[in-house]
Amino acid sequence: MTVTRSIGFTDIDFDRNGKQVGFVSFPSSVHDDAWGVIRVPLTVIRNGATPTVILQGGNHGDEYEGPIVLGEIVRGLRPEAVSGRLIVVPAVNLPAVEASRRVSPLDDLNFNRTFPGDPLGSTTQQISHYVSSVLFPLADAFIDLHSGGSSLSIIPSAVLEPCADPALDARNRAAVEAFQAPFKVQIANFGDPRTSTSTAVRAGLITVGTEMAGTGTVTPEAVRICRRGVANVLRHLGVIEGAVERGEGTPGFHTIAGTASYVMASESGIFEPYHELGAPVDKGTPAGRIHFLENPGREPTELVFGAGGVVYGKRHPGRVRPGNCCMVVASPLED
Amino acid sequence: MTVTRSIGFTDIDFDRNGKQVGFVSFPSSVHDDAWGVIRVPLTVIRNGATPTVILQGGNHGDEYEGPIVLGEIVRGLRPEAVSGRLIVVPAVNLPAVEASRRVSPLDDLNFNRTFPGDPLGSTTQQISHYVSSVLFPLADAFIDLHSGGSSLSIIPSAVLEPCADPALDARNRAAVEAFQAPFKVQIANFGDPRTSTSTAVRAGLITVGTEMAGTGTVTPEAVRICRRGVANVLRHLGVIEGAVERGEGTPGFHTIAGTASYVMASESGIFEPYHELGAPVDKGTPAGRIHFLENPGREPTELVFGAGGVVYGKRHPGRVRPGNCCMVVASPLED
Amino acid sequence: MTVTRSIGFTDIDFDRNGKQVGFVSFPSSVHDDAWGVIRVPLTVIRNGATPTVILQGGNHGDEYEGPIVLGEIVRGLRPEAVSGRLIVVPAVNLPAVEASRRVSPLDDLNFNRTFPGDPLGSTTQQISHYVSSVLFPLADAFIDLHSGGSSLSIIPSAVLEPCADPALDARNRAAVEAFQAPFKVQIANFGDPRTSTSTAVRAGLITVGTEMAGTGTVTPEAVRICRRGVANVLRHLGVIEGAVERGEGTPGFHTIAGTASYVMASESGIFEPYHELGAPVDKGTPAGRIHFLENPGREPTELVFGAGGVVYGKRHPGRVRPGNCCMVVASPLED
Amino acid sequence: MTVTRSIGFTDIDFDRNGKQVGFVSFPSSVHDDAWGVIRVPLTVIRNGATPTVILQGGNHGDEYEGPIVLGEIVRGLRPEAVSGRLIVVPAVNLPAVEASRRVSPLDDLNFNRTFPGDPLGSTTQQISHYVSSVLFPLADAFIDLHSGGSSLSIIPSAVLEPCADPALDARNRAAVEAFQAPFKVQIANFGDPRTSTSTAVRAGLITVGTEMAGTGTVTPEAVRICRRGVANVLRHLGVIEGAVERGEGTPGFHTIAGTASYVMASESGIFEPYHELGAPVDKGTPAGRIHFLENPGREPTELVFGAGGVVYGKRHPGRVRPGNCCMVVASPLED
Amino acid sequence: MTVTRSIGFTDIDFDRNGKQVGFVSFPSSVHDDAWGVIRVPLTVIRNGATPTVILQGGNHGDEYEGPIVLGEIVRGLRPEAVSGRLIVVPAVNLPAVEASRRVSPLDDLNFNRTFPGDPLGSTTQQISHYVSSVLFPLADAFIDLHSGGSSLSIIPSAVLEPCADPALDARNRAAVEAFQAPFKVQIANFGDPRTSTSTAVRAGLITVGTEMAGTGTVTPEAVRICRRGVANVLRHLGVIEGAVERGEGTPGFHTIAGTASYVMASESGIFEPYHELGAPVDKGTPAGRIHFLENPGREPTELVFGAGGVVYGKRHPGRVRPGNCCMVVASPLED
Amino acid sequence: MTVTRSIGFTDIDFDRNGKQVGFVSFPSSVHDDAWGVIRVPLTVIRNGATPTVILQGGNHGDEYEGPIVLGEIVRGLRPEAVSGRLIVVPAVNLPAVEASRRVSPLDDLNFNRTFPGDPLGSTTQQISHYVSSVLFPLADAFIDLHSGGSSLSIIPSAVLEPCADPALDARNRAAVEAFQAPFKVQIANFGDPRTSTSTAVRAGLITVGTEMAGTGTVTPEAVRICRRGVANVLRHLGVIEGAVERGEGTPGFHTIAGTASYVMASESGIFEPYHELGAPVDKGTPAGRIHFLENPGREPTELVFGAGGVVYGKRHPGRVRPGNCCMVVASPLED
């Protein structure tokens, strides 16, 4: 027997004007709650149906600026101030958000590697299926708010998803530009088709991603950038009034060019970076070194940049294991 | 039958000139290693016995600048460049360092709350007993290198332990001053007598503590400050040659005045700070707020400063529970 | 290469008369047992092939009345007393039963959400595949014995699975009636097709479910009700002799009408119910309240019934998290 | 260096009239909170100093009626309605209460086996030291509210601590009587001197314990009994006005006479009790049996009462291991 | 959107002559490493393309002789000494090898039950997909080096995979013979199609498996047998020069004939075997007994051989649970 | 209030002739069993009081030959066959035995590092206190049966505890000799006074220890050696009739001379030993090497013997961390 309809249920009516603050619930039958649900916060602020914009936060549970800014919108934005419809999901991977973990503690899945999801899969797969099968068809645009998460420190940036359709790509670039982040970068996630933004692009939605500062913390500066950026994209899309508010930023688009752009740890130890975010670096020069604290007589091992550019991200936790991403370099995006 | 002698054993001869890089081993009989040991790195660099300075890192296992800088000394400092004796313990709480945890995974103890230790206690207690009963009697001065650790971001600072003896206090202040950190602060740890620095002061040692940037990461800047500071104190004590190298810093000593200087979380949620480190703040003004991401319709709860001063530390992980330290305020130390 | 045959193996011959007490074994290659098996208890008591009735217990590993009563049958029922064939699986989700957990500790799966199973899936999926592909085709009727489990306290009841075929539905109702439980209820599990009873109904088997008292304990009363009920259904089906033994009970069928019948927790805290099982309640009235014990100055939050009826189930553990099922209301089933 | 003063700190002034709702905080330096505290809720409701009564809940973290009723007092009792001083600690073992565990997750200690505590011990020991060294000297009477906890179902009862001083024993009996519980029982905890009530008795305080229904849940009936009982004892002690409200109950005192009063499991399996709470039972008769669900062909093992009396408590979780307490028998207390 | 290409990436060029020691990396986005990879060691030693032989170790992470011997080849074999191409994967299930666990700690999967794998599955499935879709098409022969692992002690043996194609089967037998192990055995793994060797056979590769001594340790003797055997097979295949070096061994092929060849535990306890490896045993005679150490008065339970032959394997850890494989019997393989 | 009496209780009467098979129970109040006990098996076989011999097994929970042989005595030895009194404790650290762990899962303590114990400590300390304060005063001799445990493979041996009293030492040597093990060795455990045998010697008991083969398994040969050895010592002490049965063995006593006799791991990796047990080895020669399987291009690190002698023990699990005991060398004991 095949099931294709989401079993998530909600009291929210997507076709009603006004503000509805509620939840979409997914049945979850576990040891300590046989007949319970996972309640994912869902808010609709509607004043006419077009355009419909989905604002998603909490794709990863340890990235906080997006959920904080979307919570301000949930509590503070009046329907009369809106033209069209906002679907706000500030903590979409709710179990991960409650655990402050990148991945869901329920199934150890990375929500952003589960699209298009599965209506009868584990909870994470059920949520991504709901987003892709119920919300995406309602929408014209999709904003997916990330930060670096516990493991990475990243230049606050608006992120462009690769797009095969030149017309949509142009609209995406304009929306990414409108965010007015300090940095604009295209990220391909090794070409993985299971992310929410790649799925949104394939569904034809105008799509904007972000990376805020990260490291699993909240900073006043990153909240300000995120708050301004979300408002700017909504202004750009005509959902709220007013002109895009300009911010300082590196001109042009960058990209993470390929696997050589990542500096991976080769040993277990403590990584000491030699550079701060934003530093220009050359291929073949040292990126940092790994220390062996349990054996201080052993010489540290140096890591080397496999590509030149600007330091876009760096690992936050001091301890590394082989394969951990220690540094990421961005280079200008060729058109 | 009473045992008072440490059961730690080492091949290192504290009375021999030259450099000896080795370990002190503590028998540890556990499930997967019935007859093994915990090997704590120990190095002696000696050119005459006086003064003897203990350099300790890894008191907490997630604070890396100290162990990194002490590793450079272990590998790079020649005995001929020394006058007196350096006892270097870069990763004193080795099990915690290997786990990158503040506390030891073997007994869940905070090494810095176990002094003077216990020769037949758990491993952490055996190590602190070794430091207090074997190393302290050999020494004239003690430098204990901390960073903020995984949970805190702190202004890089040299730390003064409270001292009842005015003569020793003056020597401690001079040594703390010599470190040339951006900030100088007296920390009393709620008056806890079980820290290594309070025990060192009671043993009559010139004592210097530090707090580097923290957050469980390594930064190039904090490594530079720590490297310069350790060299400066050794110069100040006459162990190595040369003049103290000056650094930029806030003049005078500060202190964490009392329990009102800590802003503690009152709810479970995500803490958004309103201020960066170093900001001047007033008593009674908002320090930040706690968000309830699983329930975005609920208003965040604001936290308020119980004392004025300068923001000396702030919590790093976004998630908080009641009682978590969210902000710490330092105020000028009255003489 | 496609595999569709179960890899479970057994020495039991389903076509032999007499009583065979044994196991069906599923290869399981894990760290501490590379070449072992999971042995699921399986008993056949046969005196002719028709009717064949499957008696299943241990669908969830923390529900004990069914396995206890089926164990009595395994040890005590003589083949001569039987007309037809009993296939008794008292602890079908054996790994969960051994762990006393609702879900299997091997794969964290809820057996009752894995039908029809997968011959090369994880152990839970292999067992459900065996039940649906090997046992169901042998059978005319299926009795699946549940209790409330660790998280729920439920009115002891015989459970009717929804059925699209009116003829089979009538036979199911008669069999459910024959159980003579204190309460009769139709449960749709949010329409989930992956339960054993919904799969049995689709396979055309006469199907009876139960819910005993639950809370992860065993009570003398629930054992008595379950023992009598199983015997009654076997009498009703003609497998054993004698007339159905009448029990006290609420007349007619009830149902859990929809998502509004569940009272879900909205906060983390301790739930205090205002009603006992069986109490009549009205929509919109308070069901109980959630206390914040770590902060006794905070007012508790009241929960409200979304539908009226009779309290059919209530959460057992005091602690709740958002989404936990706190109360369930049953209302009369409309024909 | 010896420390004997508690390091717990609070803003509450025990000598001020009125109601103060706050916390006593214990410094706790752990991996994810280096400079934080454990905040134990503490309320003082004062209208003159005498008598001073300590109301303690949350001794074990999975016993809820006491904390619920004390929370009502914290929020609802006006100082003007009081004669003397109430010190209310509704969740004394706060880490255990937050975890809903009998023992503290911080140090795995049973608070009720740590008295008189240790000012520099682990958190549980610091809290019991605070209660015994700071609160007990302020008080005339002590009420310690327990329920059965996750593992036991118990007849709701007021509990008498054994007392060597006949005068105090008489006052304790009168206070226990005043509680008006369904049952009155003396419990000696195998003579363990480390409980809070035995310590209170040695400190000369009028002492009342309780056991409510337990099983880790909350029932409306147990909340009612506890609410009435606490009010009754306060009336009896003259702290609040009014006459003791009578309740139904078994006359006279019972006791758990000795180790033979406990029925302990002899095997691993599922325990099926043969009796409900309150049933009269004879020595040498069967108490229940242990089933081997993984092997239904094996005969269950019966357990036998080692002493006669009335069934006072029974194990709640179905699964048992050797040594688990399955049944407890109470017999009349000889004077 | 369907993905069929492996997302593993490597700098190694399979078509270049010489020795390349490197890694194939699989993107892995987890909580503590959002943009990292799992680096599986991969070495190519090439001097012409034919024949191509894959040498695989670390299929299970607690089997060490294979990885040790393959490491010697990686470091010590010069390309000039080779005719054709060696693809060496000494630690194919790298996460399991790092954890010294049979199964991967990342997804709890047994690599040898995941073939042909899944390009977008969990890491273990991605690795098996890489082996089957990228490496197998390049190769003529496949050697998969196992030992008994933590749970089994096994006669060191070369293992023949069942093969439906008589011509390939003959080539496999010749290669297995060439290994010159003490024992030669056909193992069918209950006919499971998901092993690497069954997949290799279906892909038409000459396939040799092994089982070394096991028990999760390394023995000098097993390393010698494995080192000689791998060299012998490479000589036999013409990849390296020289004649096969003869070893002592039982003549002819044995097999594990069926489910009766396994002695499974029937109880939880400590298994005492009555026989050593290699002993001839008869069907129906005792294999050993299970002791109940917590209850020494209870008689141990004897286990009986279900088939006769020679003791080929025995369980290593003393503790058993029902279903654990305690003994395995091999009997002569009929042609 | 000071407690010095053990709170363990038992129905066994040490002064009654005959065989009593029972338990000593220690109250243990934990989350899932508030009023339960830990039941340690205890058997007395008595035919007159002198001599009294304590037979202890299960000091470590993963060493099985002792408990197996003592279980045979519990079940099979008739009181009439005894002269004097046997106190048999086959599984003294019962929680560790049930878990098959060296250390107790209840408190993570190594029973053999807790003597003389603590009557109100954790369970392990309560058991050792019972042995030292209740059993030792009743006894003339003490036999403590060990095997190598999960982490070590050891030459089966009778072990001599160092003894300052020459007369007792002579009696101990005679009893150790009587065991007729393949090897006789004095082990000082780094002089630790907290072992059961060192405590027994200080209490004046004739004391014999053993080490059987170990590695966490059971072998027929080790059971035979242990069975014969225990009977031999009982014959030697006159408790049972008959002459000591001679076994093959290395003549004279050996000893583990000092810390140089242990080969400790210096790195994390997989240890490959170069020698089998019993091999003669020279100081300064290689003992084995550590492999880095995740990085096969890295050369293994060799470990070197710090003392010459015979290989007495070797690590069993392949994986090592720095400080793990990889090899132990015994040398002749000088008188």
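Chains here go by letter, A, B, C, D, E and F, matching the order in which they are written, and residues are numbered from 1 within each.
Keep this in mind: a residue touches a chain if its C-beta (ideal position, glycine included) is under 8 Å from a C-beta of that chain, and two chains touch if they have at least 3 such contacts.
Every value quoted in this text rests on a predicted model; they were computed, and no experiment measured them.
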| item | value |
| --- | --- |
| Selected pair, out of C-E, A-B or E-F, that shares over half of its residue contact pairs with A-C | C-E |
| Chain whose Cα centroid lies at the greatest distance from that of chain F | A |
| Longest centre-to-centre distance from chain C, chain (CA-based) | B |
| Chain A-chain E separation of Cα centroids, rounded to whole Å | 41 |
| Chain D and chain E: spacing of chain centres that average the CA atoms, whole Å | 57 |
| Interface hub residues of chain B, defined as touching at least two other chains | 39, 62, 98, 294-295, 315, 317, 322 |
| Overall pattern in which the protein chains touch one another (line/ring/star/complete/other) | other |
| All touching chain pairs, where touch follows the definition stated at the start | A-B, A-C, A-E, A-F, B-C, B-D, B-F, C-D, C-E, D-E, D-F, E-F |
| Footprint of chain C on chain B - complex, ascending | 266-268, 294-295, 322 |
| Complex interface listing, chain C residues touching chain A | 60, 62, 101-103, 108, 110, 112-113, 148-152, 189-194, 202, 259, 262, 264, 313, 315, 317, 321-325, 328 |
| Chain A residues touching chain B - in the complex, by the definition given at the top | 21, 39, 41, 43, 58, 62, 64, 67-68, 70-71, 74-75, 88, 90-91, 94, 97-98, 100, 153, 215-221, 223, 270-276, 291, 293-297, 299-300, 315-319 |
| Chain C partner contacts - residues on chain A that touch it in the complex | 1, 3, 7, 9, 25, 27-39, 98, 107, 120 |
